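Below you'll find the structures, each written out as structure tokens.
Both complexes shown next keep chain A, but they swap its partner, so chain B is in the first and chain C is in the second.
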Partner chain A sequence: MAKTQPFSAQVRQTGKAVTIDLHGEVDSFASDRLHEAYAEVEQFNPPVILLDFSDVSYINSTGIALIVGLLAQARKLQRKVYVYGLSDHFITIFQITRLAEFMSIYPNEDSALADAAAFG
Partner chain B sequence: MAILQELASFTGPDWEQVGAVTLPVIERLHQAEAKMAEKWERLAEFTIANAPGNERRAMQQVVNYLRGLPISTSLFERIKTAVAETTMNAMEHGNEYSTENPVELQVLTSEDSVMIRVTDHGGGKSLPEYVQPDIEAKLEGLQSPRGWGLFLVQSMVDELRVQTDQTHRIVELIFRLEG
Partner chain C sequence: MSNMEQPGENSHSGMWAQPVDTLSAGDMPEGLTAINIQGRRAIGALQGFGQLWKKTYKVRLSGVNRSSAEVMQIWKENFALFQPPGNRFYLPSGGVTPGKIMWIDSPLPVAPPFYDKPGLVPMTSGVMILYADDESFSVMTPEGFPVSGWNNFSVYEEDGSRVAQVQSFERASDPIYEFGFRFMGGAARQEFIWVHVLTQLSNHFGVNGQVTMTRECLDPSIQWAYAGRVWQNAGMRTTLYKVATPLRWFMNFFRGK
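And now, the complex of A and B:
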């Protein structure tokens, strides 16, 4: 049996932005917790949402759909979504799905926060 | 045309057709293709029960069987994504999460390639119509956020082959080994 890493997510405010730290596997099992986390983010009414993928071990097509849904919700309220901590393979996936055209990708939290501070 | 000429010479000029004429066509594999087909060596085969999340087991088992081959990290990642998505599709659409008929996987190698063959029991069933994912339409709510699976598979493989019969659907994922 493959070792699995159940999904979890923590929300924290970081300056103008609110960060969702994602952990484990982003697939259908992540749906409920990711929706809860996004609802927590909304309470801060942030102009920028950061998604931290540093501890994500797996994402599949259902996980991509969840990220698309989150991005769609954020865009309706004119919020920017930044992403950091993507592995090379995840960057490839974000590029071929064209998610990278709608979410700025950063190598780390500092660079994402620097741009978030300059926004709005 | 050749087969129609043969039919005419067989029946002669005065024949009368009283029913439908069935003309079975047997295609022979080109000799070179047959030779190519023989080059595949089966490394392993195993089955995966139909259950959400089990695609990760398929993915990990394939990786375990391929260890030792000259496969880069990036190629391994492409293989993992393609195998996981194809297995998910086989469990969900092909086998409809049946408690019988698990998904069958074979790992094959040739001199310069790796093939993962995924077989389900979706032969003869109509599959959901494939819609090319459109990120703008998805963000505007005009297209479901889902529907990335086949697109991902196509983006990961060097070659994709699909065969079906009345019982089975066989998907072959082919990756060229680098260097």
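And now, the complex of A and C:
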């Protein structure tokens, strides 16, 4: 049986954007930490929020709902949300759930930051 | 096949539905109509019209000596039976399987005081099973459904007992539904349904569980860009379909069908 990886998240400012580095499993247990991380992001008042999925091992539908909640909060304040580091499987999930229509997906941090620098 | 797995690949892949452009009626139960499923796209909570709400319903199954997976298995098998009168759900053949349609025949309410009674406006549609694992599953709505979004159903352990939870992330799909949710008892009916389902689940295990509900408005704004969805309104289309039934019989009779 696969070993579970508890969720953690770190927030860091990267130019105009603020990045949330996501680690482990994004499911219901990620809720509190993800909300805390978003509150930290708000302190920077960034025009763009980057979500780094490079170290995410698993996401279920509750996790997707958490991302939707974060996206809704960001959109209320006219913030863009960019995503990078998605595996092919995660890209498929973002397509099924149609999140991909609302979040720009990038292959890596550099390409996301380049677009973030051009925004606003 | 490579031994190297990308993050999130592996055994979790089969838990999600496969991407499809539009939904297919597939094994539709007899007596229903596919007009609100066939060719419709599945849509999420960001593609609807009204305010975006997150609602969480929970019941603690104190004393139930079953694993979360066992409770969820029983919940899945009895999902249709736990619905309130008038709210007919049809599980797909093979049960709760990602990508399949769970059909719904549920009249919509038109009078706020009677939200706990079956509604009067016919509505036949369904939801796509988006995700399923041993302890949870989620459904996603098609265009024209009263709400746009997801419902997650899960069982987990908290403080030594099992907790069954329904969590919805959804908004009204179009202006008519938004009006119905706010002023015609739609929201109350929706909340009544999930409280009823969790109460039935707890009763099934011999527990007199008290269902708690919290609601949070994630986005109070109206998305006018989706107002045009009114033309896909499953309640209106089902009503028109039923009204036109005698005409179809008549025409089929003369066509010799």
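Methods note: the second predicted complex is superposed on the first by the 118 of 120 C-alpha atoms of A that agree within 3 Å, B and C clash if a C-alpha of one lies under 4 Å from a C-alpha of the other, contacts with A are read in each partner's own complex, and residues count from 1 in each chain.
Assume a residue touches a chain if its C-beta (ideal position, glycine included) is under 8 Å from a C-beta of that chain, and two chains touch if they have at least 3 such contacts.
Small disclaimer: the values here were computed from a predicted structure and weren't measured.
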Using the overlay on chain A, decide if chain B and chain C clash or can fit next to each other.
-> clash
Which partner does A:72 reach: the first (chain B), the second (chain C), both, or neither?
-> both
Thinking of the overlay built on chain A, is A:4 touched by chain B (first), by chain C (second), by both, or by neither?
-> first
Applying the touch criterion given at the start, work out whether A:34 contacts chain B, chain C, both or neither, answering first, second, both or neither.
-> neither
Once the shared chain is lined up, is A:116 touching chain B (first), chain C (second), both, or neither of them?
-> neither
After superposition on the shared chain, which partner residues are touched by A:48: those of chain B (first), chain C (second), both, or neither?
-> neither
Classify the contacts of A:61 with the two partner chains as first (chain B alone), second (chain C alone), both, or neither.
-> both
A:93 contacts which: chain B (first), chain C (second), both, neither?
-> both
Chain A positions touched by chain B in one structure and by chain C in the second = 2, 28, 58, 60-62, 64-65, 68-69, 71-72, 75, 87-89, 92-93, 96-99, 101-102
Using the touch rule from the top, collect the residues of chain A that touch chain B in their complex.
-> 1-4, 25, 27-29, 58, 60-62, 64-66, 68-69, 71-72, 75, 87-89, 92-93, 96-99, 101-102
In the complex, the residues of chain A that touch chain C are 2, 28, 53-62, 64-65, 68-69, 71-73, 75-76, 87-90, 92-93, 95-99, 101-102
Chain B residues touching chain A - in the complex, by the definition given at the top | 52-53, 55-57, 59-61, 74, 77-78, 81, 84-85, 88, 133, 135, 138-141, 144-149, 151-152, 155
In the complex with chain A, residue positions of chain C that touch it = 6-13, 15-19, 42-47, 52, 54, 130-131, 133, 136-138, 140, 150, 152, 154, 156, 167, 169, 218-219, 221
